[in-house]
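Working notes, structure below.
First chain written, first letter: the chains are A, B, C and D, and each begins at residue 1.
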Amino acid sequence: MTNPTSDALIQMINVDKFFGEFQALTNINLEVKRGEKIVICGPSGSGKSTLIRCINRLEEHSAGRIIIDGKELTDQVKDIDAVRREVGMVFQSFNLFPHMTIVKNLMLAQQLVRKIPKAEAHKTAMHFLERVKIPEQANKYPVQLSGGQQQRVAIARALCMKPEIILFDEPTSALDPEMINEVLEVMTDLAKEGMTMICVTHEMGFARSVADRVIFMDAGEIVEEAEPEIFFNSPKSARTKAFLSQILTH
Amino acid sequence: MSFDLSLITESIPKMLAGIGITFQLMFLSAVLGLILAVILLLMRISGKWYLSWPAQVHIYIFRGTPILVQIFIIYYGLPQFEFIRDSVFWPILREPFGCAVLALTLNTGAYVSEILRGGVLGVDRGVLEAGSALGLSARQKFIYLTTPIATRLALPAYSNDFISLMKATSLASTITLLDMTGIARTIVAQTFAPYEVFISLAIIYMILTWIIQKSFGRIEKYLSRYVNP
Amino acid sequence: MKFPLLKSLAVGAVALFAAGSVSAETLRVGMECTYAPFNYRTADGELAGYDVDVAKGVAEIIGADLEFVCQQWDGMIPALLANKFDLIVASMSITDTRKEKIDFSGPYRDSVGRLIGKADADWKLFDDNGAPIAENFNGLRVGLERASTYENWFNAKLPGAEIVLYDGSEPLYLDLQNGRVDMIMTNPMKAQLRFLSKEAGNKFGFVSPAISEVEFFGIGVGIGLRQGQDELRERLSAAIRELINNGSLKEYALKIFPFQIHNDEWGKG
Amino acid sequence: MDAVTGWWDDYFWGSMIVLQVFFFSLLLMVLFGLIGAAAKLSDNRLAQKIAGAYTVIFRGTPEILVILLLYFGSAITLTAIAQMFDPDIKFIDVPPMWAGTIAIALIVGSYATETFRGAFLGVKPGSIEAARALGMSNLQTFIYIRIPEMWRLALPPFGNHMLSLIKDTALISIIGLNETFFVAKQAIGTTGEPFTMYIVVGCIYLAFSTIITLSVMGMEKFGARTGEGAR
C-alpha cells in the first residue's frame, strides 16, 4: 500500500483553500511520516481545522495536491472513500450517532464500509471500548454518557476502522476541565503505541510530551514548525511568541 | 330548540357504519402521501434543477390552494377532457373514492414533504460529517443516519398533519362518498335535525383525534428513547 | 351578483349586534339559486326563474318585501327552522315527512320525476302499465339530489339500485355525462330545458314515464314555512290561488316552457 | 378559457367576499388566539379548562362540521339567550357571512392559541430580568421586550394560520355565500366546463396565498433585523 517513492504518509503540496472570497489556507506544505505525531496550534480562525478537514476531504482544497499513503485526493468518489478508510477523525463535539447505542456506534461503519460480519464487528468494538476503559457503557445511548466518556467512545469508533492515521480536531475544547485528562490519557497511550496522529489542540502539556513536531498557524499560513523543545523554548517568529505568551500565562 | 336524545342514539350507529370509508380514505392517503412526500423530498434535495423544480411547484400549488378546490378539480374537472375518460386512469378517476384518495394523497404529500424536509435539515451536520469521516457513502449516511434522526424530528409535526388529513376525509362527502360525514348529512336531510347529528359526529371525530394523538405520542416516546432515556 | 361590500357589512352588523325582530313586511325567501329554470342567477347576477316569479307574485299580493337567501338543498329545511329565512320557495314538494317539521301553502306547480339515461341503451325498466320492474334496477347506479323526494321513492320501491347522492342538481348532469352514474332522476321540465335540449345532453333521453305518486312526490310543489303561522299560511295559499285564477302562473310557465305546469283545479280552494 | 369570459366580474366580486371574510376572520382569529393563550397562561383553573376545551374541540372537529354547526346553531343559540332577557325578541339572525367568518376564526384561533402561548413562554427570562434590572416597569418591559420578542417567535406559525384562514374560506360556499367557489358552481351550470371554472378558483387562491406568503416573508425579514439571526 505504501508509495515507494516517498516514505511520507501524508503529503500536502502548495495547498490553497478558499471559502468564496475568503482565503482559509495559503500555500500549505506539510509532510507527515508514518508514526509521526504532529500538534497544530494557533489562534482561532487561523485555518487549523480547515487544514485537517482537507486531509480527509470534509473540505475540498481549492489548489495544490494532497497525497495520502500514495493516493491523491481528487474528485473521484472512489479515491475519497479509499482515503477515508485510512484516516480516522475525532471531532470537537464528539458527533456520536445519537440514535444508536455505544456499541452500535462502533459497529456501523465496520459493517457498512469494511463489510465485516456482525459478530466480528461486535468483538472489535468491545475490544476498543475496553481500551478506552468504558466497556460497561456499551449498551447505553450517547446522551447518557459524560462528555469525556463520549469523546473516548469517538476515539474508539475511529480506531475500530484500523486507520493508518487519526486526525483530532480540538478533541478537548468542548469538555469540562475534569474530563480533559481522561481523554488526553487515551490519546497519549495511542501515541505510545505508534499511531500516526495530527492533533489540533491548545493543550500545550500534551504537545510537549507527545508531539514530534509542533506547527503554528496564523491567518491560513504555517508560520513556524519545530520540535516541541525548540518551539516552546525559542520560537523564531514574533507571532508565535505573542501567541505562546498569551496561552501560557493563562 | 329541544334536543332529541333518541335521535342521537339512533344516528350514531348509522354514522359509524361510514367509519370504514373514513379509515380507508385516511390510511390509504396517508401511506400513498408518505411515499409521495419522500419522492418529492428526494427530488428537492437531489441538487438537480429538473427534479427539484417540479417538486417545488407541486408543493407550492397544493399548499397554496384549498383542498376542497383540489377535490373538485379532480372529481368534476378532469372528466371535462375526453382523453382522460379514455385513459387507463379512468377506472380510478371514475370512482369518487379514487378521486378522494388521489386528492388527499397529492395534498398531504405536499405538506408532509415539507415536514420531512424540516426533519432532514434538522439533523446535526456534525453527525453526518462523522459518517463521512468513517467512510460511509452518501446513500449509507441517508439511510442509517439522516432517516432515523429526521423521522424523530419530524414526528410531532407529522402527527398534526395526520389529524388534518383525518379531518379532510370529511370533504369526500362533497363528491357523493358516504363516509361518516356523508351519512350524517343524509340523516340531517331526512330528519331536518342538524344539531343532534352534527354534534354527535363532531364528538366521534374528536375521539378519533384523541386516539391518533395518543398513538403518535407513544411512537414519539419510543423514537425519543435515546434522547430522554 | 353585484355584492355591495358595505351594504352587506351593514346588514351583517345590524343583524348580528342589534337584537331585533324583522318587520312583518319583509319576508326572507330561501332557495338554491342554482336550480334553473326554477331558481337561478342570470348572467347579470339577477335571480330568476319560475320559483322567483311565484315568490314575487305572492309578495305583491300580500304586500310584503322580499329578500332572497341562497341555501344548499340538503340544508333547506334545517335553515328554515334555524330562522335563516322565513319561506322556502324552492321547488319543494309537499310531502308527509316534510309536513312533520314544516307547513306548506297550497301547491303552485306539478311535482313529477323522470329518469334520464343513455338514449340508445335498451333499458326495459318499466312494464306496459308504467310500473317499475324492480329486478332490472339491481346494480344500476342512479344519481339523485340528497334529501329529494326521488330518494325516498327509490328507497321504498327499488332498493336494488345503487343510489349516489349529490349536493346539487348540476353535478347530476356532469356525472351522467362522465358515466359515473347510469341514470339520474330529476324534474323532467328542468332536465329538458337545462340538459336534454343542449349539445351535452343529446345522447341522453327520458327512460321512464313521468312518475308522480302522491305518496312520495306529494300533491305538488308548495311554499314552505315554519309551523304555527296559520294566518300567514292562509294568506300565502290565497295568494297562490289568485295567481292561478288570474293567469299569472300560466304566464310564468310560458316564459320557459310551451305548457303550464300547474293544475287549474288548485285555484278553486 | 373562452368560457370564463362573462364570469370574470362574478369571480372578482366573489374574491372580494373571500377577502372580506378573510379580513374579519383574521381580526377575530387574533382575538380568540390571544384570549385563549391568556386563559391558558392564567392562574384561574376554570379559565384554563375552558381554553383547553376550546382548543380540543376546534382542533379535533372537521372544519366543514364547525361551519355547518355554527351556521345552523348560532341564530338559535343567540335567540334563546336573548329571549331570556327579553321575551319579545322573535329571533336574532346571524347572516351566513358572519357565521362563516366566526367559524373560520374559531377554528384557526384554536391553533393560534397554542402559537401565542408558545411565543409568550418562548421569551427568554434573561431578557426580562435584564430589563427589570435596568429599572424598567412591568408595562415598559411588556411593550419594549416581550411584545417584540413574541412577535418574532410567533410570526412564522402566524403566517401559516393566515394561509389556513384564506383556504378555509372555500368551505363557506357550503352555506351559500357568493364567494369564488360558489361562482364556479353557477358558471359550470351554464358552460359545462368544470375544469376551467375550478382552475380559475384555484388560481385565485394561489394568488392570495402567494401574497400572504410574500408579506410574511417581508415581515420576518423586518423582524429579523433586531432578532438573534441578525449579523
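Please note the rule applied: a residue touches a chain if its C-beta (ideal position, glycine included) is under 8 Å from a C-beta of that chain, and two chains touch if they have at least 3 such contacts.
All of these numbers come straight from a predicted model, not from anything done at the bench.
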Via touching chains, subunit C connects to subunit D in a minimum step count of 1
Contact-pair count is greater, between B-C and A-B, for A-B
Outermost chain relative to subunit D, judged by CA means, is A
Argmin over chains of |mean CA - global mean CA| returns B
Whole-angstrom distance, CA centroid of subunit A to CA centroid of subunit C, is 83
Per the C-alpha means, the centres of subunit A and subunit B lie apart by a whole-Å value of 47
Rounded to the nearest Å, the gap separating the Cα centres of subunit B and subunit C is 38
So, in whole Å, the Cα centroid of subunit A is separated from that of subunit D by 55
Multi-chain contacts in subunit C, i.e. residues touching at least two other chains, fall at 75, 78, 82, 174
Where subunit D touches two or more other chains at once, the residues are 68, 72-73, 76, 174, 188, 194
All chain pairs satisfying the touch rule are A-B, B-C, B-D, C-D
The residues of subunit B that touch subunit D in their complex are 1, 60-61, 63-70, 72-73, 76-81, 163, 167-168, 170-171, 173-174, 181, 194-195, 198-199, 201-202, 205-206, 208-210
In the complex, subunit C touches subunit D at residues 1-3, 5, 8-9, 11-12, 15-16, 19-22, 33-34, 36, 40-41, 43, 45, 69-72, 75, 78-79, 82-84, 168, 170, 174, 194, 198, 200
Seen from subunit D, its contact residues with subunit C in the complex are 6, 9-10, 13-14, 16-17, 20, 68, 71-73, 75-76, 78-79, 82, 86, 88-98, 174-176, 178, 182-183, 185-186, 188-190, 192, 194
The subunit B residues in contact with subunit C across the complex are 76, 79, 85, 94-96, 174, 176, 178, 182, 185-186, 188-190, 192-194
So, in the complex, the side of subunit B touching subunit A is made of residues 124, 126-127, 129-137, 140, 144-145, 148-149, 152, 225-227, 229
